[in-house]
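Look at the two complexes coming up: subunit A is in both, with subunit B in one and subunit C in the other.
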Partner chain A sequence: MSATLTQKKSIASVKSNAESFLFILPAVLIFSVFYIYPFSQIFNLSLREWDGISLSRPLIWFDNYKELLGDKIWWQSLWHAGYITLFALTFQNILAFALALACDREMKLKGFYRVVFFIPPILSEIVVALIWKWILYSGMQEGQHIGLLNYFLNRTGWHHLINNWLSNPETALTCIAIVHSWKGFGWGFIMLLAGLQTIDRQLYEAARVDGAGPLSVFKNVTIPMMLPVIVVVLILTVLGSMQVFVLILGMVGQGLVYHTEVPVTRILTAMQSGEPRFGYACAMGINFGMILIAVSFTMKLISSRMKQA
Partner chain B sequence: MNSCRVMKEAQSVLIHIFLLIVALTCLFPLFWMLRSALMSRATIFTDKSLIPSELIFSNFHTAWTEGNFGVYFLNSVIYTTSVVAGIVIVSSLAAFAFSRLQFPGKNFFFYMFVAAMMIPLPGSFVPLTVLMNQLRLGNTRIGYILCMINVGLSLSILLLKTFFDKMPSDLEDVARIDGCTKLGIWRHVALPLASPAIAVVVIFNSLNVWNEYILAQLLLNDKSLMPLQRGLMEFQGAHSVDYHLLMAGLTIAAAPIIIIYLFMQKHIIKGLSSGAVVC
Partner chain C sequence: MRRKSLPFFALLLSLSFISGCGGPVKQNDTVVIWHWMNDRDDAFRELTKRYEEETGNKVSFELYAPSVYSQKITAAAQARILPDVFGILNTKSVVASFIKSGFIANLNKDFAKDNSAWEKSLYAEAIASTRFEEGNVYDVEPGIYGVPIDITNLKILYNKKLLEKAGVNKAPETFDEFIEAAKALNRVGISGLVSGWGEVWMVDCFASNYAFNIMGEEKVLATFRGEVPYTDPDWIEVFRVFETLRVNNALTSGVVTKSNKDAEQDFALERAAFAFNGSWCVNVYNDMNAELEYGSMLPPPVSDKFPMKIWGGAGSSFMVNNTSPNKDKAVTFLRWLTARKQQIYLAQKIKNLPSNHFATASIPEILSEFASAMAHATHPTIWPLNEESMVTEKFDRGIQSIIIGEKTPQQVAQEVQEIKIRVMEKKKKKRK
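For the complex of A and B:
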């Protein structure tokens, strides 16, 4: 009798387990087909020479990776992404922090500023890229500068600054970095402001009563209290800026010139050029992914060390 | 005492000047886009006045019909609604199971989704494109929709599971005792109670799909299937002199986002920043 009861129970629990599993089945199916399978393929393909069409995909082991080590344009593209990232880490985040500090008080227009600073982040990269491309346009017609920036420089007497902003190798990358920071600073602003508002006002009061000046309050109260938020903002900035590329496709296009190439545009070029190299593109993807993981892991490690200290 | 107040006033004015300048640099490019969208092909290259003497509103109509932006817009609406609907259903089912139900392998599958978010994989579109062509899903609506559902899945599951975990289960217990099935509890108890979290999922993913570019570029070749972001790039490649129509197209692509944002800015800012922190 008791045996049949436990049997019945176990059948019921198997049925219940299967029923529960049905809830995650759609998610698991989609995820397996569109994430896990491509994920496993990227390793497989990176060990092969393949043009994306032909049936044979000869295994060449690590030749793609060896070639990557000596690929100057690849390392140059990594440096370009690094340059944009350093620019965003400093200028974009300092601006975001300054704005957040400025808004961290009872004041008029605070709601207005919050709304406006977050407009660039909600726009698409294509829209942002094409608007700025139009403003930075460097052509002339009937002796007039077409682009707003050059026109403005001409009218205000800064002739010597007039430039082919996006086709000049010396300015193109910086222009992209500025537009990228313009689009991104609202994120940092919102997150840092939210962090600042959680700091207990009494901490500031106590520090002031102890005779601390504004700078010392900032250094000894604000920064330590904000450290977790700052780390999140920094990691998001690094991951976002290193992988920027749609902005570049929109502002200068792809594969025409090397001075604005970043890793992801290199991957795209490798798979879309006249002689596509899917295997090499996958090797680039893995190489770049590992660099990103290493960088964000190091940042997390440093921040946890700082917390202990 | 008085001089102290003067100092404070001066400081506040300086802060406002700083904030206003930054606000202006945020708004001016959008203003310039709208202004350029209202000019003619002849005046757009030469006239630099802030408000041009002649405003041509028919540019929007021309862009919509001849520039094909009507089709692109409709496609963007189709993709955004179906992807977001798909994500809400699939991710809420999974999040509900991860939070409330018991089955073997639960933790394994949950951490699989979480791990996918932690590992950046910049070249994943290469094998994905290959797969889509193998499955004959390349250049189809359903293929693009399924890929985009997958893109939003992990984050949405995590957001909803966190919410379900914090939600008291009393109501669900009552429903269970009343003989409600698991699916019934999900549909009639869990989903309605989770509406704040679902709103976050909807906001985050709508913006993501509406603004997506790279998969649309790699997967869709027919103009009749392209969403707005792809269409904009297509247009600027083909009509490089029609900057007034391009600017009209940009306005068409940006306007819905900005208008919805202005109406729901509190929810959107809150939703997006909570989504970003989870990432």
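For the complex of A and C:
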């Protein structure tokens, strides 16, 4: 009797497990076909010398990775992406947080501001690049500056600041970082505003009743409650900023010497040069992917520690 | 009942997902051509209509953005789904890879038919771009692997009105005269030379024109073979051309990050007096400013040791897919497309230089100037060998750094030579 019951239970358990597996099968298949298989293929190609067309793909093991270690331009491009990311992490997110805090209060035209702040992120990157290219244009016609910024500087007596914004190694990357931050702050704004609106108002009132000032409320109520949202915004900012490239292509074409190179433009160059190097480009992609994963996990770890503290 | 059937739906979904992946591409009688030429899409469609009326055969042109065309062709080759006819917007070594992988048909026999009448009707410079000679460095079977549908070359354009305004009465004939003209233009607040040097191949093109002028073809090719270093005084002289342009303020502001489209706009809107551009510009300038009065000239030579050479040859070429069942139909259509009547139509409609020399009689004057410059044309695709792409990249970027005043010609020459040595050592190691 008991043996039959056990048998029945185990059949039910197998059935239930099979049912669960069947439910997750489409997701597993999609994940395998679109993530695991391409990743394994890219890793496989990164161990080969291949021009993207030839039928032969000789195995060269880790030669591409060895070459990558000594590729100064590659590391320089990572530093450039890091610079843009640092810029976005600080200026872009501080601006997004400040505006979210402002819009979280009772104020006139709150809805209008929300719409305005969300316009840049929904614009196409190439459109943004072309608009800013025109603003930063350094050319002249009949002795007059045509670019909006230089024209404005000239008219307001700041002519000593007139610059070749996108063709000057000292300003080109910063201009790109500013435009990237301008375009990206709307996402952070919306997410942070949504986070702020989930905080129970009673917490603020209780803190005020206990005699906490605005700074103390911000430090002891807003920040701890917002920490999970802030971490998500920071991780998304890092991932988005490290992979920036459409803005660069739109603003400075194939680049200003190597001053505006970022990892994605290096990968594209390796794939599209006169002698395409797909294997090397794949090695770059794997290396870059690993760096991004490492950065994301580190940030997640830090945030968990902060939460515990 | 509903709960029990859910897992089966899940299984069904998975199976349909698996079965949906891949599968053969349908073939039909229509010759499919993938192209990238925005400006002539309408003209191509009109010609296919005429072709269908004349022969009853169907041809379909499919347009793709030029910025993604190369990637699309490479991806299609990897997936073995290339159309019947396509183009390759890359170097001869990439074309060679496609040929060696069996993707491009050798059209030697087709061109040789009727006592080579088809070959003879086309500009030799245009055919040369897709021809692989006996014993070529790419190890490709000798033959002609593409059909040029137009020709092009790159010259310097000058704005007649702006030069007159600056008191320059004739187009400069030497480099010194060019610099003097730029100075005169600056004095009246007009910018000198504009070009799309944010697209590095155009920097490469301008530099190699001067390399041919300063040291001649043999020495340029000897450098590619590694027999002459980039630190040679002649190469430093080439780099100095750009330094001279910068020092004398002969270039428009921001030229190193300009796309050719932006540069074309600057010249068409009379923001610069000179432009370095290809013969396709005639159509572009006409669209942007039909009133523009301009002429064309060869880049002014620095030296009289060797003649000035410009890049020229096939503007756009079509390749026939070697594995296509419509191969013969595709060749027949391309022969029809490059015949005199169709070439005249294309030249008049698009204002490009026809690849059929019998069609050049009825083209506008400015295009005739470009056509006559074909005598000075050369191109990397007809050189027996090309420079390694890593060296070319360093060379072009080095010139950009000279233009922005970051490096001297000597520094750039040294850096390019270092890369050249590294690339040659790597090649040597690979051969071993």
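By our rule, the second predicted complex is superposed on the first by the 269 of 309 C-alpha atoms of A that agree within 3 Å, B and C clash if a C-alpha of one lies under 4 Å from a C-alpha of the other, contacts with A are read in each partner's own complex, and residues count from 1 in each chain.
Throughout what follows, contacts are C-beta pairs under 8 Å (C-beta built on N, C-alpha and C of every residue); 3 or more make two chains touch, one makes a residue touch a chain.
Values in this document were obtained by computation on a predicted structure and should not be read as measured data.
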For A:Ile146, decide between first (touching subunit B), second (touching subunit C), both and neither. both
First (subunit B), second (subunit C), both or neither: which does A:Glu19 touch? both
Compare subunit B and subunit C by how many residues of subunit A each one touches, and report the one with more. B
Name the contact category of A:Gly52: first (subunit B only), second (subunit C only), both, or neither. both
Just checking: does A:Cys175 make contact with subunit B only, subunit C only, both, or neither of them? Give me first, second, both or neither. neither
In the superposed arrangement, which partner chain does A:Leu95 touch: subunit B (first), subunit C (second), both, or neither? first
Just to be sure I read the superposition right, which of the two partners does A:Val244 touch: subunit B = first, subunit C = second, or both, or neither? neither
Counting only touches as set out at the top, which of subunit B and subunit C does A:Ile30 meet: first, second, both, neither? both
Interface residues of subunit A shared between complexes with subunit B and subunit C: 18-19, 23, 26, 30, 33, 52, 141-142, 146, 271
Which residues, counting only subunit A, touch subunit C once they are in their complex? 18-19, 22-23, 25-26, 29-30, 33, 51-55, 133, 137-143, 146, 164, 166-169, 172, 251-258, 269, 271-276
Seen from subunit A, its contact residues with subunit B in the complex are 16-21, 23-24, 26-28, 30-31, 33-39, 41-42, 45, 52, 95, 98-99, 102-103, 107-109, 112-128, 130-132, 134-135, 141-142, 144, 146, 148, 151, 182, 186-187, 190-191, 194, 232, 236, 239, 243, 245-246, 249-250, 263-264, 267, 271, 278, 281-282, 284-286, 288-289, 292-293, 296
Which residues of subunit B touch subunit A in their complex? 12, 15-16, 18-19, 22-23, 25-27, 29-30, 32-33, 36, 45-46, 48, 89-91, 93-94, 96-98, 101-104, 109, 112-113, 116, 119-124, 126-131, 146-147, 149-150, 153-154, 157, 182, 186, 207, 210-211, 213-214, 229, 232-233, 236, 243, 246-247, 250, 253-254, 257-258, 261-262, 265, 268-269, 272-273, 276-277, 279
Quick one: in the complex, what on subunit C touches subunit A? 6-7, 10-11, 13-14, 17-18, 21, 70-71, 74, 77-78, 90-91, 93-94, 97-98, 100-103, 189-191, 196, 198-200, 252-259, 262, 266, 269-271, 386, 388-390, 392-393, 397, 400-401, 404, 406
